[in-house]
Amino acid sequence: MRMIKESLRAQRIETPSWAYGNSGTRFKVFAQRGVPRDPYEKIADAAQVHAFTGVAPTVALHIPWDKVDDYADLASHAAGLGVGIGAINSNVFQDDDYKLGSVTHPDPKVRAKALAHLLECVDIMDATGSDTLKLWFSDGTNYPGQDDIRARQDRLAEALAAVYERLGDDQRFLLEYKLFEPAFYMTDLPDWGTAYAHCVKLGPKAQVVVDTGHHAPGTNIEFIVAFLLREGKLGGFDFNSRFYADDDLMVGAADPFQLFRIMYEVIGGGGFTERTAFMLDQCHNIEPKIAGQIRSVMNVQEATAKALLVDREALAAAQRAGDVLGANAVLMDAYNTDVRPLLAELREESGLAPDPMAAYAKSGYFEKIAADRVGGAQAGWGA
Amino acid sequence: MRMIKESLRAQRIETPSWAYGNSGTRFKVFAQRGVPRDPYEKIADAAQVHAFTGVAPTVALHIPWDKVDDYADLASHAAGLGVGIGAINSNVFQDDDYKLGSVTHPDPKVRAKALAHLLECVDIMDATGSDTLKLWFSDGTNYPGQDDIRARQDRLAEALAAVYERLGDDQRFLLEYKLFEPAFYMTDLPDWGTAYAHCVKLGPKAQVVVDTGHHAPGTNIEFIVAFLLREGKLGGFDFNSRFYADDDLMVGAADPFQLFRIMYEVIGGGGFTERTAFMLDQCHNIEPKIAGQIRSVMNVQEATAKALLVDREALAAAQRAGDVLGANAVLMDAYNTDVRPLLAELREESGLAPDPMAAYAKSGYFEKIAADRVGGAQAGWGA
Amino acid sequence: MRMIKESLRAQRIETPSWAYGNSGTRFKVFAQRGVPRDPYEKIADAAQVHAFTGVAPTVALHIPWDKVDDYADLASHAAGLGVGIGAINSNVFQDDDYKLGSVTHPDPKVRAKALAHLLECVDIMDATGSDTLKLWFSDGTNYPGQDDIRARQDRLAEALAAVYERLGDDQRFLLEYKLFEPAFYMTDLPDWGTAYAHCVKLGPKAQVVVDTGHHAPGTNIEFIVAFLLREGKLGGFDFNSRFYADDDLMVGAADPFQLFRIMYEVIGGGGFTERTAFMLDQCHNIEPKIAGQIRSVMNVQEATAKALLVDREALAAAQRAGDVLGANAVLMDAYNTDVRPLLAELREESGLAPDPMAAYAKSGYFEKIAADRVGGAQAGWGA
Amino acid sequence: MRMIKESLRAQRIETPSWAYGNSGTRFKVFAQRGVPRDPYEKIADAAQVHAFTGVAPTVALHIPWDKVDDYADLASHAAGLGVGIGAINSNVFQDDDYKLGSVTHPDPKVRAKALAHLLECVDIMDATGSDTLKLWFSDGTNYPGQDDIRARQDRLAEALAAVYERLGDDQRFLLEYKLFEPAFYMTDLPDWGTAYAHCVKLGPKAQVVVDTGHHAPGTNIEFIVAFLLREGKLGGFDFNSRFYADDDLMVGAADPFQLFRIMYEVIGGGGFTERTAFMLDQCHNIEPKIAGQIRSVMNVQEATAKALLVDREALAAAQRAGDVLGANAVLMDAYNTDVRPLLAELREESGLAPDPMAAYAKSGYFEKIAADRVGGAQAGWGA
C-alpha cells in the first residue's frame, strides 16, 4: 500500500488550455460565464485544477489559440501560479487554405504553409522549454476519389520527416491518429498502425499518442496500449470518453472499466513514467470547465489506484493455470474496490482537501471569475 | 419502360435552404464564394437546382434561419423563380436556453419557450401554405444521471401533443430521430421505434421521417422503411450519406447500393407518392453548394431508376422458389444497369439538358453569384 | 438500507438449462467435463446455482433440447432440488426445413410446421405450469432480394397472432429481437421497435424481452428499458455481455457500468417486480458452466445493489437544478461503492455462505459430476 | 480497352477447398446435397468454377481438413482437372488443447504442438509445391485479465519467427488479422497494424493478408490496402463480404462499391500482380456452393473491370485542381458503367460461355454430384 500511495503521489496529469475555453458541437457552442479571454487566464484556471488535485502541474498550449508575444513571460506567469507549460499542440486545420488538407494537400504551397506552422511550434517549444509537440492532422477526404490516398501518405511522410529533423535533442513529437471527423471518407492517419509505421521509420523522437475517443466501435484500446508499450512507441494519451464517436466527454464518464483496463496495461507495460504524457483532451460543452477538469483528473486517479491494486502475482498464477474465472476475478477484485477513501487519505497527507470537487466549489473561484471576466472575447476553439 | 419513365418524371425531391449556406464541422466552417446572404438568395439557388434537374420544385425552410417579415412575399418570390415552399423545419437547439434540452428540459419555462417556437412554425406553415412541419430535437444528455430518461419522455409527449393539436386539417408533422449528436449519452428520440411509438399515439397527422445518416452502425435502413410503410407511418426522408456517423455527405456518395435498396422498398411498399417527402439534408462542407445539390438529386434519380427496373415478377418467383442466388441476381441485374442514358433521354424529352452538372457549370450562374454576392453576412447554420 | 436489503432478498434471477450444456462458436465447441447428459442433470446443476446464491430459484427450458416424456416428473424432480421450471424457450432454427426461415418462410408448409412447434411449447407450459413463453426467431435473409421484407412481416404477424390466441389467461409470451446472426443481411425482428409494434397490436399478453447482446454498436440499452417500462411492454431480460456482437459472455463482464445503468432504470421505472423476468442467456465456451452461472448471478446482484443505493432524492434535486456534474456525481457515488460486503452480509443473514464462488468450489460438486457423468452424449445446443 | 481486357484476362482468383463443404453458424449447419466427401471431390468442384470462369485456376487447401496420404497424387488429380494447388491454410483452432490459445497459449506444451502443426504445413507446401502459407490464429481471450496481453505477443512473435525460419527461399507466409470471433474480449492479432508490425520485423517473406470481413465497423479497408502496398507488405486478400461482423457472405454482395474501391487501390498501388493472392474465403450457408463461388468470382471480375476503367489521368487532374465533385465524378463514372457486356465478350473471346452462371446451371454438374455423392461423411469445417 505504501508503494501504491507513492505511485499515486508521483502521478502527473496534464490539462489542456482549450478545456477552459468554450467548446461545442457543429450545432451550437453554449457560452459559459467566467471563461478566460486569453492564455494567461486559461493558465490561471489550470492552476486551480492543480491546486485542488495536486497532480496536474502542467498545462498544454495550442498554437495559434495560445499565441502570445512573449512566451517567457507566459511561462513565468505559469510558474508564479505553481504550474508549468506542457505539450505544444499544433493547429493546421482552421485556416481557409486547409479546406482540402494541410501537410497532405495537393498544392505544395499549402503544404509549405502548414509545415512552416509546425516548425514554428518547435520554436515555441524552444521558447517555453516544452519538450513535447503534439501533432494532430484533420487531413483526409470526404469523397472517394477526391484525392490520392497513397500520394497523401508520401506528402505526410515528407512533412513528418522535416519536423523530426528540426527537433532538438531532448524534444519529441507525439503523432495522433483518428478514425474520422472532420474528414468523413478517409483520414490520412486513421489508426494506430498508420501512426506507428510512420514513427518507426522516423526514429525514437517520434511516438504515438492514443486519444481514447479516436477509434472504431469495438476497438480494444488497452491492446493498443500494451502493444505500443512493447514496441517503445507509446508517447502518451489524450484522455476523454465516448459512447459513440469522438464525443470528448470527461474521461472515465462513459466506460470507467475501460479506463481501468487501460491504466492496468500502462502499469504492467512499464508506461507509468514521466516519458508517458497523460493528457486530458475534452470538451466541457455543458458542464463547468474547471470543475469538469477536476472531476476528470479524479477519474484518472481512481482508475490508476484500482489498477495499482491488482494482485499481479495472484493474477499471473491464475493465468498460468488457465483459470479463466479465477484470473478475471483477481482483476475484478481490484476494480470493484472503492478507492475513494484511499485517495482522500493521500490528499490529506499532501495537505490537500480530501474532496477536491467540494473544496473547489467552496473556494469561490468560479464566482470570482464569473464576476471579473466580463467583456472581451471569450476563448474558444476559434480563437 | 414507359411506366418507368413516367414514374421518374413524376418524382419530386425537395432541397433544403440551408444547403446553400455555409456549413462545416465543429472544427471549422470553410466559407465559400457566392453563398446567399438571405432566404431570397437561397431560394434563387434552389431554383437553379430545379431548373437543371426538373425534379426539385420545392425548397424547405428552416426557422429562424429563414425568418422573413413577409412570408407571402417570399412565397411569391419563389413562385416567380419556378419553385415553391416545402417543409418548415423548426429549430430548438441554438438558443442558450436549450443547453440542457428544449421540450424535454427540466425547467418548464424553457419547455414553454420551445413549444411556442414550434407553434410559431405552424403559423408560418399557414402563412406559406406549407403542409409539413419537420421536428428534429437535439434534446438529450451527455452524462448518465444528468436527467431522468422517463421524465423527459413525458415532457416530449406533452409537447408533441400540443403541436399535434395545433395542426390544421391538411397539415402534418414529421418526427425525426437520431442516435447521437449533439447529445452524447442519450438522445430523447434515438431510433425509429421511439418516434414511431409517439406518432402512433398521436394519430395520422404524425409520421416518422427517416434521416439516412441517423442510425447506429449496421442498421438495415431499408427494413425500417419497409416496416414504416407497412404501418402507414413513413412520412418521408432526409437524404444524405455517411461512412461513420451523421456525416451529411451527398446522398448516394457513400453507399449507392444502400440508396438503391431503400428506393426499392419505397416503391414496393407503395411509398413512391406525394405523401412521402423526399428531402435532401446535407452539408456541402468542402464542395460547391448548388452543384452538390444537383449531383445529389441525380444520385437519387439514378437509384430510383434502378429500383424501378427491378423485374418484380421474376424476383417474386425466385423468392417463392427459395432460390437465394436467383433472387439476389434479379435485384443485382437492375442495380448493375447503367441508367444514366435513360435519365439523359428523359431530361431531353422534358426540354432539359441531358447532363445537369455540365449544363449548370456552363450556365455561368456560379460565376455571377460569386461576383455579385460580395459584402453582407453569408448564411450559415448560425444565421 | 433495510429496504435495500429487502429488495435484494426478493430478487429472482432465472438460469437457462442450456448454459449447463456445451456451447461454442462456429469454429469449435470445446467439450467440458461433467456436462449434463439430459434435462434432469441440467436441473440438478441449476439447483446448485440457487443453493449457493439463494436468488436463482427457477430454470428455463429449451424445447426440443429439454424434451422429456413426462414434464410433471421433471417439474417434481426440480421441486425436489429446490427449484422450479421457468420460461419455455421455443426453437425453430435447428431443423433443415428452417434454412430460409420458420414462421416467415416463403413456403406455407414450413410456416405451419414452425407454428405447430410454438403451439406445442404452450402445451408444455400447461404441463409444467410455466407462465412464460420466450420466442426467438433466427428468421431473416443473407442477401438483398432473397425474400420480401414486408411479406415476411405479414407472415410473422400471422404466426404471432396464432400463438397469442392459444395462450391461457395467466400466460404470456416474450418476443425477442436481434440485430443479426444467424441471418446476415436482414432479420425479421431486428430491433426493439419491431418487437414492440407487434406486441402492441397483439395485446397485454405479448411483451418485449431485451437480450443485452442483441443491439447495434452504440445502442443505449437503458433507454430502451426505460421506454418499454413506460409503455408497460418490458417483459424481461436475457442477460449476457458483449464487446462486439452477440458474444454471450457473462453478464456484467464486459461493461459493468452499463449493467448498473440498466438496473437503475429498471428500479426507477417500476420494473423490479415478479412480472419482469430476469433471465441469464449466456455461453460459457471456455469457463466452467456452474461457476460461470454463479458469477453471473452475483454480477447482477452487485449491479442491483448499486442501483438501489442511488440517492434518488439528491439525484432528482440535481437534475431539477440543471447541475450536470452534481447529478452525474450522485449516480457515480452509488456505482463506485463496493457492495460486496453488503451482499456477503445479506447471504449470511439468509444462512448462505458469504462467498458463493468459494463455497461452490469447496463443495466438491464439480469433482463429483466430472467423475460421475462419464459416457452418454453431453448436452449442447444441438441436443 | 485492349489493355483492360488483357488485365482482366490475366486476373487470377483462388477458391478455397472449404467453400465446397458444408458451413454454417453456431446455431446450425444446414447440409446441402452433392457436397464433397474428400479433398479430391472438393478439387473437382473447384475445377468447375475455373472451367466456367477461366480465372480461378488454383484451389487453397486447409490442413487438417484436406489431409491426404499422398499430396503428389492430389496435385496430379488437380492438374488433370485443369487446376493447381494454391495456398496452404493452417488450423490451430479445432483441437481441445487450443481452448485458451495455440501459439499464444500459456502452456508451452500447447504452443509446441501448435508450432509443430505450422511446420507440418510447410512440409505440405514442399510436397504440393505451394509457395504460400496462410496463418490465421483464433487466439485471444474472452475476459479481461484472462491472460497477459503482452506475454501473448511475446509468444506469438516466437512462433512466427520459428515458422519464418523454416520457409524455403521461394515460400512466404501471409499473416491474417481479425477483430474478434471466436475470441470476444481480445484477439492477439486484432488489426492490420499488429500483423504489419510482426511482418516488418520478420522480413520480406512475411506479409499481411486482408480478410475483408475482419474489421471494426467503419474501417476504411481500401486505405489499409493502399498503405500496405506502399510498404510492400500486402500479401493478398481473403475476399468475402459483410453487413455486420465476419458474415462471410459472397464478396461484393454486401457493398459492391467498397469492393470496387479496394480494387481501384490495388491497381493504382501496383498490387495487381501474381505476388498478390486474390483468394475467396466465404461460407455458403444457404446458397449452393459451386454456383456461389462462380458468382463471387464474377463479382470480383466486375469490380476489377470497373476499377480498370477509371480514367486515371482525368482523375489526377481533378485531384490536382482540388475539384472535389469533379474527381469524385471521374471515379463514379467508372463505377456506374455496366461492365457485364465487356466481361461477356472477354469470355467468348476465350472460348467460354458469356454467362458462367447460366452455363454452369445448364451443365448438369450439380445434378450429377447430387445423385452420385450419396453416403459417406460430407466435408465441413469440422472435417
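In this document, chain identifiers A, B, C and D correspond to the written order of the chains, with residue numbering beginning at 1 in each.
The rule is simple: contacts are C-beta pairs under 8 Å (C-beta built on N, C-alpha and C of every residue); 3 or more make two chains touch, one makes a residue touch a chain.
These figures come from a predicted structure and were not determined experimentally.
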{"item": "Chains contacting each of chain B and chain D, listed by label", "value": "A, C"}
{"item": "Between A-D and A-C, the pair joined by more C-beta contacts", "value": "A-D"}
{"item": "Distance between chain centroids, defined by C-alpha means - chain C, chain D (Å)", "value": "37"}
{"item": "Euclidean distance of C-alpha centroids - chain A vs chain D, Å", "value": "39"}
{"item": "Numbers and ranges of chain B residues touching at least 2 other chains", "value": "100, 142-144, 179-180, 185, 217-218, 220, 243-244, 253, 257, 286-287, 324-325, 328"}
{"item": "Touching residues on chain C, where the partner in the complex is chain D", "value": "23-28, 30-31, 93-94, 96, 98-100, 138, 142-144, 179-182, 184-185, 217, 242-245, 247, 249-250, 253-254, 285-287, 381"}
{"item": "Of all residues in chain D, those that touch chain A in their complex", "value": "100, 106-107, 142-150, 153-154, 179-180, 185-186, 190-194, 196-197, 200, 215-220, 222-223, 226-227, 229-231, 257, 261, 265, 268-269, 315-316, 319-320, 322, 324, 327-328, 330-332"}
{"item": "Sites on chain C touched by chain A in the complex", "value": "217-218, 220, 243-244, 253, 255-257, 286-288, 291-292, 295, 302, 324-325, 328-329, 335-338, 340, 357"}
